[in-house]
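Alright, structures below, take your time with them.
Two complexes are shown next, each including subunit A; its partner changes from subunit B in the first to subunit C in the second.
And then the complex of A and B:
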C-alpha cells in the first residue's frame, strides 16, 4: 500500500504538473526554434507574443461569456483560442512587415535583429498592459477536475489523493495534437518541406525557386499560433499575469538551446527536460520518501533540494552545463 | 565636441532647467541625479555594445548586485549573530560551496572519459548536500535574530563611498562567471545567459534574508552627505538659507540633492575621461577592429574571446558601480523594485538613441531618455485625460485613464525602433 501511495503522490505532485508544464514549454520553445531556424535570430519578443495573444484570447473569452456562450465542461477559452490566434497572427505579420523585413533585406547581423526584437518586446509588453492590465487574471471555467482528489481516495481507499485538473489534461492533449499536426506539416506538405529546405541551406533553397517571403510569413504564423496556444494553456493551468510570461522566456530559451536551436524535435525534448528538472528540484520529496523508505531512514526536513523561488536557477544551470559541454544542444542544432 | 553636440547637450540641460523653473527645483534635481547615474550605466553598456558588440540583457542583475554593496559595507555590523553557530558557520558553508565548485573544475580538467563524468556527478551532488547541511542551520540562527529589524549578517560599518567600488567588484565577479561560459559561442547565447544570471541574482537577493533581508528591504543605509534634518537644525545653515530668502526645509533638500549631484558628476566625468582615453588608445582601436571583423582581428593574432571577456567585465563593473550609487541615493535596498524593463531595456534605449560607440552619445542618451521616462507618464495622463474628456463616465474611460501609466513602455519602444531604423548611429554617431 505504501508503495502505491508513493506512486500516487509522485504522479500527483511531480509527473502530472511537470508534464503539463513541459508541454507548455515545448510549444513555446518550438516557436523560438522555428524562428531561429528560418529567420536566424533569437526572438526576445516571444514571451510577450505569448502574453499579448493570451490577452486577446481572454478578451474574446469574456465577450463570449457575456453573450452566454459556454463550451460545456471545457473552458470557454477554447472557443476563443482560434480568434485570438488569428488576431495575434495578423499583429505579428504586421510587425514583420513594419519592422523585421527591412533588416532582412539589409542582411543585418543576427545581433541587430535580436536588439530589434527587444524593441518589439517593449512595445508588445506595453500593449499587453494597456489592453488587459497587470493584474492576475483567472479565466478558466467549465469542469475543474478530470479526477478529483477526494473521489479518488474514496474509490481506491488509498491515503494519497490524485488530482488531475482538466486544464492539465487539456494541455497535454492539445500539445500532442498540435505537435503531430506541426510535424505532418513540416514533413509532408510542400510548404513545410520548403521551410525545412530554407532552414538547412538558404542559398540552395533560393536557387530552387522557394519564395523566401512566403516561407518567412508561414514561419511567423506558425510561431505566433504556437505562442498563443502555449500562453493560453499556461494561463488556464496557472493564471494569466503579463510579467510571468516575460519570465517564461528563460526556461523557453533554455529548452530550445538544450534541444539544439533550430531543431523542432529537440525543442520538445528540451521542454520536458527543463520542466521535469524544475519540478524535481523544487519539490519537497519528504512525502514520497516517507512512503518508500523504512521508518529509520525517513527524512526529517522537507527533503526539498531548492526553494521554489529558484526554479529559474534550475533552467539556467542546465543551460550553462549544455553551453559548456555541448553548445549545439543534445539533438544537434544549427550552429555554435 | 562639435557645435551640434554642444547644442544637443544644451538642449537637454534646458529641459531640466525648464522643469526646475516651471515645476520645482526638487524634481528637476531628482531628474538630474538619476540622469547622472543613468549616464554612467549607459557608459558601461556602451563599452560592451559600442566598443565590442556584446549584447548584455542582464544589466538589471549587475545593477542589483552592485546595490548589495552599500548594505554589506556601510550598514552597522550585527555583532550578535557573529557566533560560531551563526555567521561564522555560514561563511564556512559558503567557502565549502566555492571549494566544491573549484574541485569540480579541477576534476573536469584532470580526468577524462567515463571517470570524469562519474567524478563530477559525485562531487557536485555530494558537495551540494554537504553545503546545504552546513548552511541551513546557520541561516536559521542568523535569520532568527530580531526578524523585524535585522535577521541578516549586517555590514562592516565602513564609509558608504567605499561601497561603490565594491559594488563594481561584485558585478565584475558575476560578469566573469557568465562571460567565461557564454563568450566565444554565438552572440545570442551571451544574451540568453545574461538574461538568466539577472533573474537568478534577483531571486537570491529576494529570498536570502540573511544576506540583505530579502524583500523585507534594508532601510536607512548611511549616506555620504548630511541629512536634511541635521541641516535644518544647524543655526549656521538656516542663517545661510535666510540670506537667500529661502525656506530652510526646501533649501536643505536642494543642498543635499546638489551634493549628490556633485559626487555623481565627479564620477561620471572621471569615467568619461578614462573611457575616452581608452577608446583613443591602441586598445580601443583593437576593440573596434575586433567588433568590425572578428576573423580578421583573430588572424592578426588578437585573442578575441579574451578581449571580449575583459570588456564584458569592465562594462558590467560600471553597471555595478552605478547600482551601488542608486542604493546610496535612495538610502534603501528594495529588491522587489528591480524590474528588467526599467533597469535593462531602458538603458539599451539610452545607448541606442544616444549613439552606440560614442561615449558622449551614451551620456546624452542617459540624460535624455531618463527625462522622457519621467515625463512621458504625466504627459500620457494628460493626453488620455484630453482624449477621454468627451466620453461619458464608465468602465472604458476608467480603464483608459488607468492604463495611461503604461504609455511610456510603448513610447520608448517606438523611439528605440524608430532610431534603429532611420538613424541607427544615434544622436551623436561614432567617429
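And then the complex of A and C:
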C-alpha cells in the first residue's frame, strides 16, 4: 500500500506535470531547431510568436463561445486553433517578406539575423500586448479533469490523490500526434526531403534545383504552426499571460541546444530532459521517501535538492554542462 | 522687571499660538510604482481631512492646513529620502503623513524625520520591523503591524483545531515579514509549521512549488501572497493536484477575485483582513463618495485618520510644531474621552479647545498601542456556498 502511495505521489507531482511541461517545451524547441537547421539563425522571436499566435486563438475562442459553439468536453480553443494557426502563418510569412528576405538576399551573417529576430521579437511583443493585453487570461472550458484527485482517493482508498487534468492529457496527446506528423512529413514527402537536403548542404540542394524560397516559406509555416500549438497548449494547461511566453524562451532554447540545435529528435529529447530535471531537482522527496523507506531511514527534512526559486538555474546548469562536454548537443546538432 | 519679561514672553507665546498660521502637512506616498493604483485615494483621504479642518476654522485660531505631496515610489529608498528632504527643508512642512511602503518609510524615518525632528504618521506601513525602529517617539502608524496579524492567524487557526500548517509567501518584504510573524506566533502556541517556502509572483505554473508544499504536508495551507498574483496560482495548483483542500487567507489574499477564481472549491476555507464594523467606516465612505473618490480603497480610511490625528494632536498641544504634537498623538487617539468619527473633526477641535479629552475613533477605529501603532481590527471571513462572508470582527 505504501509503495502504491509513493508511486501515486510521484506520478501526481513529478511525472504528470513534467511530461506535460516537457511536451510543451519540445514543441517549442522543434520550431526553434527547424529555423536554425534551415534558415541558420536562432529565432529569438519564437516565444513571442507563441504569444501572438495564442492571442489569435483566444480571440477566435471568444468569438466561437459568443456564438454558442462548444466542443463538448474538449476546450473550444481546439476548434479555434486551426484559425489561429492560419492567421499566425500569414503574419509570419509577411514578416519574412518584409524583414528577413532582405537580409537573406544580402547573405547576411547569422549573428545579424539573430539581432534582426530580436527586433522582430520586440515588435511582436508590443503587438501582442496591443491585441490581447497584459492580463492573465484563462480560456480553457469543457471538462477540467480526466482523473480527479478527490474521486481517485475515494475510489482506490489510497492516502494519495492522483490528478490528471484534461489539458495535460490533451497536451501529451497533441504533442505525440504533431511530432509523428512532422517526422512523416520530413522523411516521406518531397517537400520534407528537400527541406532536409537544404539543411544538410545548401549549395548542393540549390544545384539539384530545389527552390529556396519555397523551402523557406514552408519552414516558416511549420515553425509558426508548432509555435501556436505549443503556445495554446501551454496557455490551456496553465494560463495565458504575454510575459510568460517571453520567459519561456529560455527553457525552449536550452532544450533545443541540449538536444543539438538543428536536430528535431534532439529538440524533443532536450525538452523532456529539461522539464524532468527542473521538476525533479526542485521536488521535495520527503513524502515519497517516507512511503518507500523503512521508518528509521525516513528523512527529517524535506529532501529537496534545490528550492523551487532555482528552477531556471537547473536548465542553465544542464546547458553549461552539455556545452562543455558535448558542444554540438546530445544528438549532434549543427551548432557552431 | 524679570516678572514683566516673563509675562510678555508668555503673552507672546500665547498670542503666537493663537494667531492663525498656514500649516503644511507633507503627504508622501508612492504616487508612482507598485502601489500607484491605490495611492490616489490615500492622498485624497488625507487631504479630505485637511480640508475639513481648514473649513472649520477651529484649529489654532483659524489656521489653514495645506498638503504638499511627495513621491515615495514605494520601492526606491533614495528617491523617497530625497522627496522627504525637499518637503522638510524647502517646503518646511510641519509634519508628514506617510510614507506608504515599509521599506521607504523606514528610510525616511531614519534619514529625514529623526534628524530634523519631524513627526510622521504612516497609514499603511505594516512591517513588524518598524515597531522597534529608533524613532525618538516621532513615528506612529494607523496601520497594524503584521506581527499583530500573526496573532490573529494563530487565534483563528487554534479555534479551528488545526495542528500543523504549511506556509507559502510572496517573495518580498511584505510576504516574508508576514510569514515570519505567522510562523513565530504559531510555534510559540505549540503549533507545527511543516514548511515555509517563497513563491515568485507573475509565473504561469506553480506545480513545482505546490509539489514541495504537498510533500511537507499540513492541515491547512497559509497563503501569504496577493490575490491577483502568484497567491491565486498556488491555490489553483494546490486544488488541482489535491494537495490541500483548506486554506487560510491573510489580508493580501482576500478579495472579490477569490470568489471569481475559485468559488465553491474554497468552501470551508477561511481568513481575515483589516476591517472594522465601526460606524466610522461607513461615514467615511459617504464622505469619500461626495468628494469623488473610493472610500473602500485599501488604506484610504487609514490615510484620513493619519492626517486627522496630526491636526488633532496640534490642537491638543496648542502648537503646530512636530516636537509638541508628537507628545499628544497617543492622547487624542485613545480612550478616555469623547469619541470622534469622520466628519466630526470640527467637534473634536472644539472639545479640545474647551479642555475636554477626546478619543479619536475615525474611519478605521483607531486605537494606538505599544510604540504608537494601530491595535488592528480584523474582519474574519469564511467561505460558504462559493463566496466568502464575514463571520466576526477581531
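Assume the second predicted complex is superposed on the first by the 335 of 336 C-alpha atoms of A that agree within 3 Å, B and C clash if a C-alpha of one lies under 4 Å from a C-alpha of the other, contacts with A are read in each partner's own complex, and residues count from 1 in each chain.
Here is the rule we go by: a residue touches a chain if its C-beta (ideal position, glycine included) is under 8 Å from a C-beta of that chain, and two chains touch if they have at least 3 such contacts.
Note that the coordinates shown come from a computational prediction; the quantities given were computed from them, not determined experimentally.
Residue contacts after overlaying the shared chain place A:102 against subunit B, while subunit C stays out of touching range. By the document's definition of touching, neither partner reaches A:63: not subunit B, not subunit C. Residue contacts after overlaying the shared chain place A:17 against subunit C, while subunit B stays out of touching range.
Looking at the shared chain after the overlay, A:307 reaches both subunit B and subunit C.
Residue contacts after overlaying the shared chain place A:165 against subunit C, while subunit B stays out of touching range.
Applying the stated contact rule after C-alpha superposition, one finds that A:320 touches subunit B and leaves subunit C untouched.
Put simply, more of the residues of subunit A are touched by B, taking subunit B and subunit C as the two choices.
Look at A:283: by the touch rule set out above, it reaches subunit C but stays clear of subunit B.
Comparing which residues of subunit A touch subunit B with which touch subunit C, the overlap comprises 247, 307, 309. In the complex of the two chains, the subunit A residues touching subunit B come out as 41-42, 44, 99, 102, 109-112, 114-116, 118-123, 125-127, 129-131, 133-134, 246-247, 249-250, 253-254, 257, 261, 301, 305, 307, 309-310, 312-313, 315-316, 319-320, 323-324, 327, 335-336. Note for the complex: subunit A touches subunit C at residues 9, 12-14, 17, 21, 144-145, 148-150, 152-153, 161-163, 165, 234, 238-239, 241, 243-244, 247, 278-279, 282-288, 302-304, 307-309, 311.
Here subunit B touches subunit A in the complex through residues 53, 55, 57, 128, 136, 181-182, 185-189, 191-193, 195-197, 199-200, 203, 206-207, 340-341, 345, 348-349, 352, 399, 402-403, 406-414, 416-417, 420-421, going by the rule given at the top.
If you check the complex, the residues on subunit C that touch subunit A are 171, 195, 197-200, 202-205, 207-212, 214-217, 233, 240-243, 245.
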